[in-house]
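Below are two complexes that have subunit A in common, paired first with subunit B and then with subunit C.
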Partner chain A sequence: MSKFNKKRLLSIYKNPLPIDLIYDNDITFVIPQVVAHNPVSWIFFASSYLKNCLEISGQLINNTGKVHQSIDNSSQKIVVKVSDHDVFKVEIEIGTPESDAIKLWKNGFFGKGILSRSEPTWYERTERRLHLKDQYSEKDLTSEEITALRRNERKKFKQLRESYENQQLELERQISAIIDRQKIVSTKKEMLEMENDLKRIQRELEDLKLLSQQNQDFRAFQSSHKVKLYEYAGPLRPDDNALIINDPTISDKDKRKLMQLEYLQLMPVEAFFLQLALDKVKVFPETTGSNELSTLELFQRCVDSYYSSTTPMSRLAGNEKFLLDYAVYHHYRSHGWCVRSGVKFGVDFLLYEKGPPISHAQYCLHVVENSGKNMEDFVEYSSLNRVIGGVRKTLVFVCVDVPSVSTFQKIMEKIAIEKDITEQQKLWKKLLNQYNITEMVYRRWVPSRNRD
Partner chain B sequence: MIDEDDLLLEEFTQGKSSIPSEKNPGEEDEDQLDDEIQDWGSFLKASNIQISGLTPQSHIVPKRGDKGFEPTANNYDNLLLQNKRDIMYATIGNSSRGHHHKNHVEAFWSADASSNEGEEQYAVVPKPKGSAFNSMGIPSSQRHIFLNFEEILYLVERGSVDCYLIGNTKDASEQKALPMNLQMCYSAFLKSSEDYDMFYVYSYLKRYGYVVRRATEDIKRPPTVNNKKRGPGLSTTFWNIMFKKPLLTVGSIFYKLLGAPLLAVLPKLRVLLSRYSWSTLYESLYATSYGTVLDYENFKAVDTSKFKIVYNLWKPNNHQKANTPPDFQVIIVNTNLTSLPTVDEIKSIFKKCYDHDRILIAILDNGMLNFIKPTSSNVGGKNAYLEGIKKQLKRKRNNNKSNSNRGGRSNKGSRGGKGRK
Partner chain C sequence: MSLVDQVKTNLTYYNLWNETKVIEFKDGSKIIAGVPPEPVHPIPSIITMDPNQDLEGNHVDNNNNNNNNNNNNAINNNNEMEVEQSSGVQIPQSPKVEYVYPVGLNEKISLKQVSQIFENLQIALNQRPKRITLGVVANDGTIVYYFVHDGLAKPKKN
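Up next is the complex of A and B:
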């Protein structure tokens, strides 16, 4: 089972953010280079520039071609529900190919399917596991299934190898037993019998060795043995049965439908980014009848989600963990990185150049406040660095300079009063501008490898 | 009937048994160089020592971490190991050790405790011999060499120098000198835990072959080469005057007359513009300010007295001239006493040092020594998405070019390209 085709992946995950561009022509817009002392290049430049401009304006006017979207996109905002325990949920609709959650995942890799590794695939997988949907090709398999299949294959391969080894040991034991007995027998007839036995067993051993030799190669095993992913096809377990909606009106067996248990969970920084920077989501508290949260309310909610109790806005100092995290998250998101949680490796964030399905994360970000206080002790640094070095990533310390409490409070007060959305946006930007981010990397230096 | 183990032992001691060698010299990883096992057998062979029952055959003891390696029911592996041990003890125990008379070097350490507090005491080598002194000590006018405490201790520990304690400095005669053993040396030379840390780092690097010297003086920063000093080329100047400036002025007038009021009046147009392409969209998102540890030019330095540069380091083959700048500069941090430098401290160190790319921090953590090198990554300084697109574009352009260039030629090149993928 090979990895996904990279080109195909890039065509699926084309956009770095869940934004529909009006004219998405970054790749095709090629202007030849201008060489100052070469007048011919000017002509080339001018002609292609004019051509491009005409093309774009034509498309804008005619509203055809690559123009996808009108300016007003408020109708397309994604609904996010926040539970009492500060879990930001996006529902995953079944049946629609581009549901909101999938859109968030495909365009910038926001959120995590709570029952999946990261991309929400629980529904498809379970459908196949319970044999509700048996027609699928290898291409449809999710990454979890590919891993499971590979592990299954390895397990089978090892089982076969072990059985060969056991047979070999048994034959060897028989040989040594015969040799032992040969020392006490005296009659010639018995001796001859044993000789024959010995020869036979030795021949068997040779054959077995040849057979196990052929099984040394895992690739050869893969091509000769087809391992199935979901082998169990008996009656469903009761807890699996509970997942299926049995519509009494439809008795047809094929119409049995699976319940959707999974939702996409967003990190607080992701939810806040989608609201503040991209204006792409509407956040509602899960309790029925509640109104949409304003940006400020969402901010308060996010800050509180890091602690067990709520802190009133006037008591915030500006160096709360959420603020540090958000400043860092916003910075790297706005610089084209795909930022995801780094909790797997003991850091705050992972940086992907394109996204998890396409390439491995290159950097791990460890967010620290630059407060003049001491750094971590060396043990903590070293353990982090070792873990991250072990997975071939680079540990980056991201030190955040925090504004003074008074500056922070002044801007927050202004935001609270401001009613105009664009003005409020400007104030948020001003606040973020107060956070200065400095990167630092400590690389391990080994004397034996730097001698020349 | 002979026991199987005995048979194996016999085979082994006679050197008949052959274990397939796991080592593949070509594939040896750099990692493995560090934990290579000393082969005492070759020593024994070289020193021509005959011990009954031991033959210096180079059998491979299985390395730790070999997959699938399990102890078998017999004690074959133990026999192997025991044999290796015996060879080692035999080699160490039976070979003669000591100096050659010709290479005998003596050093003298004054016991005079009245030397000024804070002033460093030196050991004197009246007759230095050997190449070790090429990169050590301070030579005096009388061809003596003065060694500071880590240098003399390192040499004594190596067995290259015999050190003597002398009483009164006024009539220092060699007869009255008291030979010092290693324990005495340690207690006389190392006066604080900092001294011990220094010695530890010094001897560690020295054993790897580096030339290590105290960093006493500040090394002058090389004058920065100003690339922008040279004026722009003639054609560029021409271009600037004739076209760029007028274009810019015309552009700014246009913007002031039409663009700015339009933008102010139509906030929707602004949204439209920000949604026009990824680059404009990203531009509209930029909000935080950013820097790396290398932006130290205008940085107000903080106190870095905790992090002094202690040693200058040259690579083993890079110390021909006396005034070659060091390849590295080492700061010693004992984790029991100080924590790692913060970003501000690193910036201050960078600002003061000779070259920020040569700073190393030696971290002593309860006897474990690690080196780290503070560097910058500039991950957040560029836009990853737009850079990726630029790269893609470039590749496309190159492909187009090479396609058109190739024309009728054979498709040898494209095949090479495929191979690389």
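Up next is the complex of A and C:
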């Protein structure tokens, strides 16, 4: 990725979490950048730093007792709906650039568009695919479309390569046929004709070889042949037709509207993190008229989503998969990592330094309970490691120490009866503190390849 | 959305499969039939088990039968493969119907269940497909697809 592109992406996705910091309008805390090799900027920095400090201290003295709010909680919380099948949904509104779903995606990469690879882009992709919106530039293309383009180009390249190879074979066959015939002809005229034929074919073959030489390199092919993604509008599939909203009042073809089919889906750990740690979401059951879920109810829902039946709270042991996953998720999120599902690589989580659009995930997390009992065998670890090695990532075993059943139950009981939100928050924190995390990198080492 | 709906939507609108429809079996389980936009890689030759012995439903027995019958059972040759191997040129094939069975990531699926799916399909279609695809739904909405062949599949030629 080019440096410029990375910079652009980092400016779009600058917040690691969906928290809006508000700065008091009166306090302008602007500090210029320091450039190491430019001493003038040091002076500039120092002077404005001092000025700002003086200003702020002055303001604080003036407004004694005024608490400076650093986290903006007044802004609306994001509504999450949980379906009967434990799917946590955030609606994606059309035409609002800063809708809730986009906000969650842009600030920390929460959730996944169900009809996209990760960023919810299905609507715009489909608009282009169905030719509902013809004007777009190459810059707007989504990552799915870029991949499709590259695959199309690769396919065309292979077809062309194959056709050159076949033509070449055909010409070579003709040449050898003429050479064979030359042995049996006698007249000079025929001989001369054949000579000419041979020369002509040989020239053709040379030309062809040159062409195929030029085509050898896929990159060269790419730069000279730009394949278009949506070339012509064929008849719509019945499935696609069902998506177009037919408004009888609008006759204009360009005004046909597409139905939004996609929503952002959150993992249970994400939904719980957004509620417990950030207090940024309100979770409602999808059935109409239901009340907002309390943190405890959400917790129960999340635990249950890992199983096919409900486990009563009093029967939980504290080592349920959701709890292990959540402890790990919370741990890495608090260290600033972007944590996403790793199901594609057969692990629990993927760790991104910044997020999916900016760089590939570096680490694959395999969550294990540190009980000493449930070690899988090494064959399994080895196959997991080979898969992950194949995509140039590092496998990390995350071992979670779990509290005893009695400790866990004691805290849960307290949470259940605690009515005060802040006190309850403290109890959740106490619960999370019972979980300890130890990481272990697992990597194959080939002694013979590592001798220098 | 139920698992079946999730997988069906994903196939129709993300992977752009055509004519996706849900087939419900007598035992209440469901499978999705659909045609991919482009042919998925050809089904390799499969050494099949004898369908009649399968009906008993006992695993261990099946395995034994399978082993014993390997030599007797003719290898089910796939026409596509033959064409490919004899001429060395790939003939573009039109996509065929594939069957996708939705599973939750936390579900455990046994060989017996897989065998039952093949049985169900055989009854419903009067023909036993050579493979099905498991559509594994993760809790973030990702769906990963895995082939399951009805017997031993010859590795793909590279």
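Points to keep in mind about this one:
Here is the rule we use: the second predicted complex is superposed on the first by the 383 of 452 C-alpha atoms of A that agree within 3 Å, B and C clash if a C-alpha of one lies under 4 Å from a C-alpha of the other, contacts with A are read in each partner's own complex, and residues count from 1 in each chain.
Quick note on the criterion: a contact is a pair of C-beta atoms (placed from the backbone, for glycine too) under 8 Å apart; a residue touches a chain by one contact, two chains touch by 3 or more.
This is a predicted model, so every value here is computed, not measured.
Touch criterion met: A:Asp239 reaches subunit C, while subunit B stays clear of it.
In the superposition on chain A, A:Arg340 makes contact with subunit C only, not with subunit B.
Subunit A has more of its residues touched by B than by the other of subunit B and subunit C.
Once the two complexes are overlaid on the shared chain, A:Ser382 sits against subunit B while remaining clear of subunit C. Look at A:Met267: by the touch rule set out above, it reaches subunit C but stays clear of subunit B. Of the two partner chains placed by the overlay, neither subunit B nor subunit C lies in contact with A:Ala148.
On subunit A, the surface touched by subunit B in one complex and the surface touched by subunit C in the other have no residue in common. Touching subunit C in their complex are the following residues of subunit A: 83, 85-87, 111-116, 122, 126, 237, 239, 243, 261, 265-268, 270, 305-308, 321, 340-341, 343-344.
Contact residues on subunit A toward subunit B in their complex (touch as defined above): 16-17, 19-27, 29-30, 36-37, 69, 71, 183, 277, 327, 330-337, 351, 353-354, 363, 370, 372-379, 381-382, 394, 396-399, 422, 428-429, 432-433, 435-452. In the complex of the two chains, the subunit C residues touching subunit A come out as 1-3, 6, 9-10, 12-14, 18, 20, 104-107, 136, 138-142, 144.
Taken together, the subunit B residues at the contact with subunit A in this complex read 1, 30, 33-34, 204-205, 208-210, 235-236, 238-239, 267-268, 271-272, 275-279, 281-282, 285-293, 295, 302, 315-317, 328, 333, 335, 339-344, 346, 360-361, 363, 365, 370-389, 392-393, 396-397.
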